[in-house]
Amino acid sequence: MENYSFRNDYSEGAHPKILEALIKTNLIQNDGYSEDSYCNEAIQIIRNKIQNQEADIHFVSGGTQANLIIISSALKSYESVIAASTAHIVVHETGAIEATGHKINLIETYNGKLRPEDIKTVIDLHTDEHMVKPRLVFISNTTEVGSIYSKKELNELSSFCKHNGLLLYLDGARLGSALASEFNDISLAELSNLVDVFYIGGTKNGALLGEAIVINNKQLKENFRFHLKQKGALLAKGRIFGIQFSELLRTDLFLELGKHANLMALKMANAIEKAGYSFLTQPVSNQIFPILPNTVIEKLSQKYGFYIWSKISETHSVIRLVTSWASKEDKIDKFIIYLEQNSYN
Amino acid sequence: MENYSFRNDYSEGAHPKILEALIKTNLIQNDGYSEDSYCNEAIQIIRNKIQNQEADIHFVSGGTQANLIIISSALKSYESVIAASTAHIVVHETGAIEATGHKINLIETYNGKLRPEDIKTVIDLHTDEHMVKPRLVFISNTTEVGSIYSKKELNELSSFCKHNGLLLYLDGARLGSALASEFNDISLAELSNLVDVFYIGGTKNGALLGEAIVINNKQLKENFRFHLKQKGALLAKGRIFGIQFSELLRTDLFLELGKHANLMALKMANAIEKAGYSFLTQPVSNQIFPILPNTVIEKLSQKYGFYIWSKISETHSVIRLVTSWASKEDKIDKFIIYLEQNSYN
Amino acid sequence: MENYSFRNDYSEGAHPKILEALIKTNLIQNDGYSEDSYCNEAIQIIRNKIQNQEADIHFVSGGTQANLIIISSALKSYESVIAASTAHIVVHETGAIEATGHKINLIETYNGKLRPEDIKTVIDLHTDEHMVKPRLVFISNTTEVGSIYSKKELNELSSFCKHNGLLLYLDGARLGSALASEFNDISLAELSNLVDVFYIGGTKNGALLGEAIVINNKQLKENFRFHLKQKGALLAKGRIFGIQFSELLRTDLFLELGKHANLMALKMANAIEKAGYSFLTQPVSNQIFPILPNTVIEKLSQKYGFYIWSKISETHSVIRLVTSWASKEDKIDKFIIYLEQNSYN
Amino acid sequence: MENYSFRNDYSEGAHPKILEALIKTNLIQNDGYSEDSYCNEAIQIIRNKIQNQEADIHFVSGGTQANLIIISSALKSYESVIAASTAHIVVHETGAIEATGHKINLIETYNGKLRPEDIKTVIDLHTDEHMVKPRLVFISNTTEVGSIYSKKELNELSSFCKHNGLLLYLDGARLGSALASEFNDISLAELSNLVDVFYIGGTKNGALLGEAIVINNKQLKENFRFHLKQKGALLAKGRIFGIQFSELLRTDLFLELGKHANLMALKMANAIEKAGYSFLTQPVSNQIFPILPNTVIEKLSQKYGFYIWSKISETHSVIRLVTSWASKEDKIDKFIIYLEQNSYN
């Protein structure tokens, strides 16, 4: 049996402070469907943090749900999404976006990040009513391969989108890790200001479940609760979102949890580099992608849980190691020792 | 400010035993997406309770989500649903079923319950490819107007559906209240045996969130997890469903919570009857629908929360009073006293 | 074998003048997808006839296609249609509207026509995001039971819709018969001015195929050709629509064909009335609905084709008799004689 | 003004014999919705030609309509299509397939044709319920870049699909040109036998409009007319399909028209090759894709209509020249002379 899992950042329950908050509020009566006082508090906290009192905030239970509702509510039937070919919506959501009727125009990237020139290529190809009309640019931060966007990159994307009538949507499933990265140079408020809509991921950063959708663009706000209800996303006990996000964001807990996850991942990354291995993308967040000999991977898999990401050659593959707010440093230390014992580079 | 709310059965958090179970399991690593040991345990408990080891069990976060995924996964694009005009999917789910592409054929009823002869009328009208093909019969137990189905009624419906190539689906959002009713004469296992698919409601009977979908019909099982994922219903920390349903069903907690809710509602119903008022439907579960003078309703609304269901005449209306596992008897007693003080029949 | 069919108004091909026009233009090269000179000519003719040079005109191949594209392009996902329960989209289009994701809110009528007070009842019931948002009112002229709207009725509907933020859409599959009725008091231009969008039916009034969609409301015009293409409605040889509608509308041919159909129907209606029978709705157009003894219906069906519309009692039923531009007067005369011979009222 | 258009194969009306058949049958009464005697005749002719008396045959008005109905009726919601990135459904149908809810998995090709090894790569990547399930392979013959499949290639594809539980669908918009190609080595009956479903294109091979869908796979036949009606594809005067396809297929007219188109294209191709230019794909059908200097393209565009397909370099581009049953040889001859006068290779 495996000693420890680095498969993902949702292997445990919730941060203890969140459970405490659920207990403390448990028997107080409140309105249903996220119209309770806890949600109101969380909404106010988020508005303050992003420095936009006009933002609409809604809560949903997971990332795929957030993606499919945001995208389908923002687009007309003939409008499409532009995304990196590594994007979660492209590969790992069972065609959830297409299931709402929308094509995704793919862009190949080397690091999971979109650039204005890539997007321009797509829109230049779509010229008339025999083709879809690209309308929404999907990015994620951190990306699906662990990289993060710089302030300059987000500024350029935002500016390009505005000038080309495109909506910019940021999937923040791992936004906590991105903002807490030592390589990050943008604040939550600055980031929020550059996108039409994004979500703050709770599930992968200490919550039991829940993502907070932030809508800055007025056009996208209209009757959003109708979309939530119609897609089965309006929870009767919506209070559990408000309680959790208040707890995560009232203090700096959200960033601290991201920071811990990043530290644990970078500690592993340093050891892996020292052992002589390279990476698919530079390690900067809680997901790292070392390129290892298959023999080493085989050894590691006897004690640890992780996914094999892709094959590089006959002898080497990329694996994904993920840490979280719950990762224990002593387990990381043991992993490093075990890796050293099993590397012969 | 109101003293107490009878608006619904989801005004509080979760039963304390459920919170305890979440705490106890919190830091144990487990697989994601409901493939963890807690879900496995809950699934086994449910299979035992329904006496069908072949049943497929899946967990989702709410009733609308359960309804739309079950129905859309069971039907071909041109097939329709038959439902009472009071059904939740008809009125209160923002057209979620139609949004998946399916028409609902309506049947007017006096008590929220469907009968074979009603269904026959609908199928007799649909004769060729210029019309939809009715295929799935939607019932709920308890119904949206608080009534429950007898064993005989369910037997007749089940038999009629089988003989006419129709699927029978039971929405069990309030199945706990139905099975715990003193007027109920069917067991969970018997009920399960009569329907192709149903769900056991957690949200309205003590859970933080969650409904357990039970699929008995083999045809409906195929690749159901693809549907869940595509509709955004597969939670990363699916463990929270397993933990909760194990806690609710390992013992008789699920039925006890339903029983408490029913008792509280019937206590109110008795007092209302004693005060000389009648009901839209006979009180048998945790939802009661007294017909009251508007003046009395006005008085009640100064102290209590509830919904006005419908207008009966210029002077009288129906209100809905709902109790739950969390309803406190002393609040019920005070409500009764207040009602007596404000009735002059 | 039957002598003659009164089943519908599409039992023959096209009016000879239309075939002539197809032949005359056949080998001239032109652009595809309705961007040819014939479509341009037809569009200009229609704009002149409706006295609105700003209208957008598009051509599609049939009524169900027109209905589903117009309605789905006009509505947001949570918006619904209000229609009479006899409406073609409710009964005879295999759930095509729901298949695009939209609920239809039904209104029972006695003559197939909607009134403002009926619509008000529906919108009053829809108050929040747990329900759909009624947005588009669907009417047809002639209606599915052969009745027509008066100028006063259309004025009232139009005014009510405007004041309540509702779109008004008129299905004109049999608009030729409606406008040519001796009971009609509204012109095409007046009618067009009262609705947001409608279509002029070609298929049932002399064309091989084709309906001309007229969009008056600016909001509904945007990128309509994208909707057409995405739904498979943009024909490569769109020229056939332009050629046909130019031929029908350049002169008064369109109205003349409607008038002939109406005359033939009313001739039958007079004979039926004289024979002592009544009607489901007053005969005013090319569809009449006599109530006949089943014995007479049995006799008629030995020589003539028609549909039995509904059962009135154990002994009487309603049948539908339909005439068209192609109905031959001598066949009508023989039908009348045969009816007289077989009636014993 | 341009002398002649090589933009497409639908610039003219219909072959004169088809118009004659429409005239001859025009006033004969028949049943609606393709249940008439002409459709029955056409169906029998096609069954004989493909040597499969069990095949179901349906008629629709265009290629996008055929594609979207066939694909959406064949797939479960989570199943996807595999197609070449040049496929018509990928680029030129405004996302019609995604609009029915299905993802298209793309394969890059050099000649528009799919091979088993390409398809294997896609299915190997799709391993669980977090991804779509590839299920239907879409090919077209001729392809969108003018190439055709050999009997060997179709045999291999068919065999691979069968062994991997995949459906094989062939878009035959230009099947007439493919089968009539001097490079073709497969008969209609042999081709039909290798695919689950395909369509015989009428619009681009002499019909006014219309494609004949042939369903060989029993699973795909069920209630297909419901799909047709629901998508707005069941024409009231379906007789026009029957009349046209009977005319095209009763004799060898269908193949003769394809042969004429091919001859005209290859005559141009020979001249272009003689002038020293090469092609994107080898010219074998009625679409040819010469690579020309931009200066020559500019000259040609002053007299002839055609599309610029893609840019090859700063100085050269690919153009598409299309011929049809209606292309006049004297126009081709003049084009060749004009090309020679304007080439200086």
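Order of writing sets the labels: A, B, C and D. Residues in every chain begin at 1.
Methods note: a residue touches a chain if its C-beta (ideal position, glycine included) is under 8 Å from a C-beta of that chain, and two chains touch if they have at least 3 such contacts.
Since this is a predicted model, take the numbers as computed values, not measurements.
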item: Chains contacting each of subunit B and subunit C, listed by label; value: A, D
item: Residue-number overlap at the subunit A/subunit D interface, same or different (half cut); value: same
item: Interface with more contacting C-beta pairs, comparing A-C to C-D; value: C-D
item: Cα-centroid distance, subunit C relative to subunit D, in whole angstrom; value: 34
item: Whole-Å gap between the CA centroids of subunit A and subunit D; value: 42
item: Distance from the mean Cα position of subunit C to that of subunit A, given in whole angstrom; value: 51
item: Junction residues of subunit A - those touching two or more other chains; value: 77-78, 93-95, 99, 129-130, 226, 229-230, 234
item: Touching residues (chain side subunit A, partner subunit C) in the complex; value: 33, 72-73, 76-78, 129-130, 133, 223, 225-230, 234
item: Complex interface listing, subunit C residues touching subunit D; value: 4-5, 7-8, 10-14, 16, 19, 22-23, 25-32, 60-69, 93-96, 99, 203-204, 208-209, 226, 229-237, 239-240, 326
item: Complex interface listing, subunit C residues touching subunit B; value: 77-78, 80, 91-95, 98-103, 106, 129-132
